[in-house]
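Down below is the structure, laid out as structure tokens.
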Amino acid sequence: MNRAELDQLRDRARQAKGEQRVRFLVCYSTPCLSSGAPAIRAALEEGIAEEGRKGEVAVVATGCMGPCSRGPRVTVQHRGGQETAYERVTPEMARVLLRRHAADEEGPPEHVLAPDLPYFTRQTRWVLENSGRVDPENIADYIGRDGYAALGRALHEMTPEEVCEAIARSGLRGRGGGGYPTGLKWHLVRKARAERKFVVANGDEGDPGAYMDRTLMESDPHKILEGMAIAGYAVGADKGFIYVRGEYAVAAKRLEKAIRDAERLGLLGARVLDSSFRFRIDLRLGAGAFVCGEETALMNSIMGGRGNPSPRPPYPAQRGLWNQPTLINNVETLGAVAPILRHGPEAFAAIGTAKSKGTKIFALVGEVRTAGLIEVPMGITLREIVEGVGGGMSEGETFKAAQTGGPSGGCIPREHLDTPVDYESLTALGSIMGSGGLIVMGQKSCMVDVAKYFMDFCLDESCGKCIPCRAGTVEMHRILERITSGSAVEGEIERLEELCALAREASLCGLGATAPNPVLATLRYFRDEYHAHIREHRCPAGVCRFTDVPREHLGDRQAAQMQSARSEMEGI
Amino acid sequence: MSVITLTIDGHLVSGRAGQSVLEVSRDAGIEIPTLCWLEGLSPWGGCRLCVVELKGEQRLFTSCTTVAAEGMHVVTRSARLENYRRMLVELLLAERNHYCAVCVVDGHCELQSMAARLGVDHVRFDYLNPPLPMDISHDLFGLDHNRCILCTRCVRVCDEVEGAHTWDVRGRGTTERVVIDLDRPWKESTSCTRCGKCVQVCPVGALFHKGVTVGEMVKDNSFLMDIIKRRRSAQPFVERRRS
Amino acid sequence: MKRVQYRPDALIEVLHVAQESYGFLSEEILHVIARSMSVPESQVFGVATFYHFFSLRPKGEHSCIVCTGTACYVKGAGEIVTVLEKAYDIKAGETTPDGRLHVGAARCLGSCSLAPMLTLDGKVLGNETADSVLEQVRGLLSGGESGREMR
């Protein structure tokens, strides 16, 4: 296929859409799927068949539409642009909706989501522009929304260097959490001399409570493929791998279909869009290891080995897969590539703050009224996210802390709610941007317990290669366990801090180095909670049960005995 | 082969391009503590004892895996490094049962002498002491998981030098253990060549000759560099340059 | 099954396929995989035990996987696991001695907006409490309907 044919396909897709009078968009993203979306789709299709409305009324299974806590979600589009969004739809309700919209029957507007809900109005959708609008399993839908046009432009109008430069000018930074400037990384790989180069899309999202990458892969798989192909062209790679977390069966299935469809149309393969550029993509499925989100571990896993990380340097851009230079980007980063080329890097750079440009996807969950996936401009304050987009705290809850960055991040307390969300500000608060998990906690969450939870996570997910992480996380967890069960004594916090410093500085990879962050951040803002546990046997949040009594540390006692024995001897 | 010059602990030293910071440092007579590293085997970077500071860098680097570069400023000794090294040894001692008085390598143990060298006189952390099994099925060798520090020297020597790859590591994190074939008793291994290299390179009392008692097991891994040197000189010139 | 490719980097793919076809990875299966792919047995074993997805033992007849992701945890998933562990005298990740029930704790099942949620024999249940879960598991084991319908 060449560019002209791509344009034709786009026009045909738009025309086909225009012929339909009413379109029922049913969210087919994991949360809605598990709360009953398939039954709704079946009810709608049955109804359409019964009433003989095939052709004028269509049912489209789309990706994520947003407020996931109010699923299953359905959006009804009329020709001409009028749209109504519905929440908590049931199959019976679907039949009612069908009659109302397709047969213009009157009825009370129940379960309607107001279009001026801050949840919708305060978002800026770049990467999620198609999410909830297109059928992720239908490549024509994607092309109809200018899909693969950016790839066409890159291949036929730009040199690889210009593509890298455009990404650099957009100010895009790594969305997996690191925040490394994407354009710089692309330039590095482009300049590396090698027989072969690879592009890897990191879709091994592992932070508990976060599902940005999964949603993106499920909702708009072609956007990631297009981003990877553009990256491949820019750095000179002919092969890409997309590594999907093993738990994400739906995402894997949709990506696999997307790859096949793109290959069939000549958008991937030997001559991409009739150019001399060759690019193939392989899907690799993870198998349940959080550490594989670390880039060197991920590469070892792609090569069929244990997911142990390797020391850097050498960095993947120098020596990655099979010792060749490898560009590894998070799927959200790659998802931003095509929109940047389509709308221009300047438009992207106009959003956000001086150092953090563009938008960021967050999975807003926890004690907020409207939980779900959101895309907001960088620099928005936490308060705006929680109180605006999220609609405030759930019934009866008051804000205590927001957790970002999962097991590598930290808690942000109430007094910092007005901090702008960008890489530097969050780091300064002792948390990190992370991949985009944002968990809002109320007064019923115990911060020591939360720290213990994340430490438990890290000790379970530690690969075991290096000792500060393998044994250090266990020792830190033990201390936290003692604090929450009531057997801790004075001095344990200090020992905990020492272990945190060791793990942070001496660990091999990011997992070990960031494992102390939840502890350090809670110690920074909620130290009095730790003290209440140790000194008063009291859990301010009422979570911990004190079943144990304080006991002296064995090692300390031995040391004290040795010390007294020594001084006795010296005394004689 | 090009020569590079760098500064280690204030001394100007020179090395060959491609050498690790650890190798250059040792050649210059500056000792850096190591446990998982062994000359002749590929570097692993797991024990973290050989961490050094590099001027201009915030984080620490393992000297065994970091390639020395022209003009580098390396610090191998500082209060910060010494403190971390002591804590690392403490963690190793606390992780499994390392009670020296009943150990076959008492007096000849690399972990024991490292603790003494770094001045670790007591362990401040919880002794985890998980109850782990022993494998004494083999007629020549024994394996005691309780003593193992997971340095993977046995895995590497078996794969890289002997070529059998009998050993590997199973599980992850705290459940890690060295494993023979599909976790078989040593006696039943189909890949083991009974060469005993793993026993000799093991720095602690995890691998030992059967029949020895407390303090009797003395290890000798001098064979390793003899083999490596002979192999290098037997390689054709071109290949040697490539490696 | 081995048509995947004999390249060693496909080891994880092959293990996925084997687990899917046989339910778990027996010693025999691992042996065959090692042989036919020319990968050392210990390496196959190392990879198979590194990843949580692979199981070397058969799973129980029924399975209850509780999500213990952060969102579920702060909403009480921990208590659900504890109650199940107590009721059936097993630890999360284990199967009852009679092989009837497997209780697992998953890192995050990615439906955080339904927190706390779990899957019972693959069926998703959201917004649960410890008591409601126990009741449904009991019902399942006694041969009843596997839990109420989702809202």
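Worth a mention:
Lettered A, B and C in written order, each chain numbered from 1.
Operating definition for what follows: a contact is a pair of C-beta atoms (placed from the backbone, for glycine too) under 8 Å apart; a residue touches a chain by one contact, two chains touch by 3 or more.
What you see is a predicted model; the values in this text were computed from it and never measured.
Viewed as a network of touching protein chains, the structure reduces to a complete graph with every chain in contact with every other.
Across the two interfaces under comparison, A-B and B-C, the one joined by more C-beta contacts turns out to be A-B.
Note: centroid distance chain A to chain C, computed from Cα atoms, is 23 Å.
Inter-chain spacing, taken between the CA centroids of chain B and chain C, is 36 Å. Counting partner chains per residue, chain A shows two or more touched chains at residues 289, 306, 461, 463.
The set of chain C residues touching two or more other chains comprises 43, 46, 50. Counting partner chains per residue, chain B shows two or more touched chains at residues 169, 171-172, 175. Those residues of chain C lying in contact with chain A across their complex are 7-13, 15-16, 43, 46-47, 50-54, 68-74, 78, 106-115, 117, 124, 126, 150-151.
Considering their complex, residues 30-31, 34-36, 67-69, 71, 88, 206-211, 214, 246-248, 284-290, 301-307, 363, 365-367, 371-372, 403, 406, 437, 439, 441, 445, 450, 453-454, 457, 461, 463 of chain A touch chain C. Chain contact summary for the complex, chain C toward chain B: residues 27, 30-31, 34, 40-46, 49-50. Put simply, chain A touches chain B in their complex at residues 289, 291, 306, 310-311, 313, 459-468, 470-475, 478, 495, 498-499, 502, 505-508, 513, 553-556, 558-559, 562.
The touching residues of chain B, counted against chain A in their complex, run 44-48, 51, 59-62, 65-67, 80, 84, 87-88, 91-92, 94-95, 121-128, 149-150, 169, 171-176.
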